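Across the two complexes that follow, chain A remains constant while its partner is chain B and subsequently chain C.
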Partner chain A sequence: MREGRTILVVDDEPPLRELIRVSLGDRFAFAEAGDADEAWAEAKLRRPDLVVLDIMLPGRSGLELLRQLKSDTELAHVPVVVLSAWQTDQDARDALDAGADAFFPKPFAPDELARVVDVLLEDAA
Partner chain B sequence: MIGRRSTLVAQVVFAAIAVAVVVGAMFLVFLFAISSLRRSTARESQSKDVTVATLRLETLAADLETGIRGYVLTRNRAFLTPYIDARSRWPLAAERVRRLVAEDSVQRARVRRVTLLVDAYVRDYAEPVLAIVKVAPNTARSEAATNERRRRLEEIRAEFGRILTTEAARSRHRSAEARGIARRAELLGGFGLAVSVVAVLLFGAWVARAVARPVRRAADAAAAVAGGDFDVRLRERGVDEIAALAAAFNAMTRALAAGRRTLIEQNEQLQSSERHKSDLISMVSHELRTPLSSVIGFTRLLLDRDFDADERRRYLEIIDAEARRLGSLAEDFLDVRLLEEGQFDLELEPVDLVTLVREQVLLFFGVSNGHRLVLDLPAATVVVHGDRDRLAQVIGNLFSNAIKYSPEGGTVEVRLRLEPTSARLSVTDEGVGIPREHQERIFEKFFRGGAQSAGISGTGLGLAVSREIVDAHGGDIGFRSTEGVGSTFWLRLPLSRREQDRAGGREPGEASEAPAQRSMRR
Partner chain C sequence: MAAAAAAAVATGAVLARGGGAETGPATIRITDVQTEFRRVDAGAPGRIGDVEVLRQQLYNRRISPRPIGSAYLVCTFLDRRTRQCNGTYVLPKGKIVVAGALDSRLLYEAAIVGGTGLYDNARGALTVTATALRPRRNVLLFRLAG
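Entry: the complex of A and B
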């Protein structure tokens, strides 16, 4: 696994951001954001290799940010893993339609998340 | 207007009577024509009778003459038989003719004249001739051939001829008259029939107009109503029964439309309430899942991976905090459910707010070392009638918010004031404040404003539950806030009656002092 990759974690709950960070381990560098605007700024600045994104964000929703990322020429190729505590099929469909590369309902299994992130990073490389 | 309206029954009866009168009049005219036809036919046949009777009388008169002449010429008595026979039958026959022409003055005069002439002939000629024929046959014979006799006979014959001619004219006239009357009767009959037919047709058309058309309109309207169109209306005009039908129909459609509106509104309310419920359930599910994700996730990590002691401790603290959050969420949801179902039972008792505030201050500010507390409480007790635990929950919620929403620390001022009929508690912080656009919504369930992004934990239920509790106590809750400067939340609770008496300046009674002393000892 290539070192020095950056993952942008977008969630409004600090404990969950920490959980995601710890789940993926210290192999990565992390950027964090609590809402969509902050996340967009971080993404443009840090050019992350992957984004873990919560749907329920204060202000603009995660889905909006997802569409924005996927329509940006510089960031469209960055894999996005979507997390949602809203757990209906429609949410998953909306996320995948908007360009999500993977979808996890909350609560999620940390190892599962780590495995999917590895696969997506390898595919992207 | 209503007075001039007649009932349908009355109108139909009047119309039927009118038709009957017209038809009856036509029949009367027809009957009159028939009876005059019969009369003229009878008069026509009377002329025939007169002619027959007159001819018979003339024959008798001829027999008188023939008998006399034959006897005078032959002196054979056998030839006298017609004369004798005629003389005996004459009076009856003459009487018959007289009767037949009794109503005809001209003919009557003529008949009278002819009978007088015949009587004169018999008296002045026939009987004298019969008397002299035996003694002087030649005289009699010459006498029989005299001009005098011939003149009388001519006169009689002429008179008979006039009677017959007149009667023939009468007969022709009457026959023509009878034909005319018969034609008139035919015309009248035809006219009467036509008028009757027209009258009956008009009656039928009128009934159709007065009854059938409105009924058909009502049927069409009823079909429209059956099809779901409740805005259809009938004109409330015409005869009473139809107008009443239209009015009742319109009342029915109005009631149906109103009923449907009510149903639609109720259905919309139900749907909205269902949506709200469904939103609430989704919200609850989401709110539970977020801390649960941390609890499960970190537990899984601790079980699966190795961490050093510090890391392990930190993750366990997160698990502990999030599990507690789950617990308080469960409490809040239960409260919300009780509030929504109206099963919010208060256990009312005299509660001293001073004591209650002190207890909550210890609970919240004892652990917070980042905030400076200014406590401004009356020296005596402030007793309200309330549920101790619920009021403690409200006060604790205000303290908790003051601490949570001033993460940089600062001063928190807690003041309890005694007003004439109420107690007013205010909690002022120097925290983040509430943005203007969020101020209207902060008492809504699950509304958290920007708190989530600011990393401030909570469910968005505290203030909603607090307001319900204060409302249930007959009090008020409110706030004043400037973003970036801080907030003041206040609540006002009505004083118990004894406390009001004291606040109103009355002599403090023994009973109202007692709780104060007790609470001070506490």
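Entry: the complex of A and C
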């Protein structure tokens, strides 16, 4: 695992952003955003190595942001882990169709999220 | 896909049929647990040509804690990330064969390209969603076209 990577955490609930940061540990640098517009600005500025994205955001949804990320030539390659309180098969397919690389239901197991991030970063290396 | 209702009985799977017809679109939802994983290094840079070999056991926990079948997948890396996968899902009374290129085995879709027995000439799509990595578990959603 290459050190010094940046993960963009997008969730409108600060405690959840903190939980994600703690789950992934101090191996990474983090950028954070509470809505899609803020996340887009952070993504363009920081060029993260991976995005952890909640679906339900105020304003534009996480799926809209995901489509925007995946249609951007500079960011399309960045793996995106989608977190969702919605857990139907259709929700997973919607995330897949939008370009998600992994779909994780909430509440998530912190160690599983960390493993998923490691797998995606290894694949993207 | 003929005998969709029978397929559901055979797998014990959750199945929804469109239009109330005896044949037609159907959905089978089961889970898997990966029991074996090997990666064969082809030696080329960037993983090209490396092969992943996977074996899985298939479950429908709603009807039984025991496996209802097994699956075998072989994936060949086309570049650092993308791999071409072919898989056979061995279910009661028939097999479903899938194929497709995918970037991540954590969330992907593959085409159902055929089958045997109850799934003779099956067509449709398989959506795979990873739910855990140790051991590796997935939710499998087979959407069989009519």
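Everything below uses one rule, namely that the second predicted complex is superposed on the first by the 125 of 125 C-alpha atoms of A that agree within 3 Å, B and C clash if a C-alpha of one lies under 4 Å from a C-alpha of the other, contacts with A are read in each partner's own complex, and residues count from 1 in each chain.
Basically, contacts are C-beta pairs under 8 Å (C-beta built on N, C-alpha and C of every residue); 3 or more make two chains touch, one makes a residue touch a chain.
Just so you know, these numbers come straight off a predicted model, no measurement behind them.
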item: Partners on chain A (chain B, chain C) - clash or fit; value: fit
item: First, second, both or neither for A:92, with chain B first and chain C second; value: second
item: Touched partner set for A:100, first chain B, second chain C, both or neither; value: second
item: Following superposition on chain A: angle at chain A, chain B versus chain C, Cα, nearest 10°; value: 70
item: Partner chain(s) touched by A:47 [first = chain B, second = chain C, both, neither]; value: neither
item: Which of chain B and chain C A:116 touches, first, second, both or neither; value: second
item: Chain B versus chain C - smallest C-alpha distance in the overlay, whole Å; value: 15
item: Common interface positions of chain A, toward chain B and toward chain C; value: 109
item: Residues of chain C touching chain A in the complex; value: 29, 80-81, 103-104, 106-109, 127, 129-134, 139, 141
item: Of chain A, residues touching chain B in the complex; value: 12-16, 18-19, 22-23, 34-35, 56-59, 85-87, 106-111
item: Of all residues in chain A, those that touch chain C in their complex; value: 79, 89, 92-93, 95-96, 100-103, 105, 109, 112, 115-116, 119-120, 123-125
item: Complex interface listing, chain B residues touching chain A; value: 282, 285-286, 289-298, 300-301, 304, 315, 318, 321-322, 450, 452-453, 455
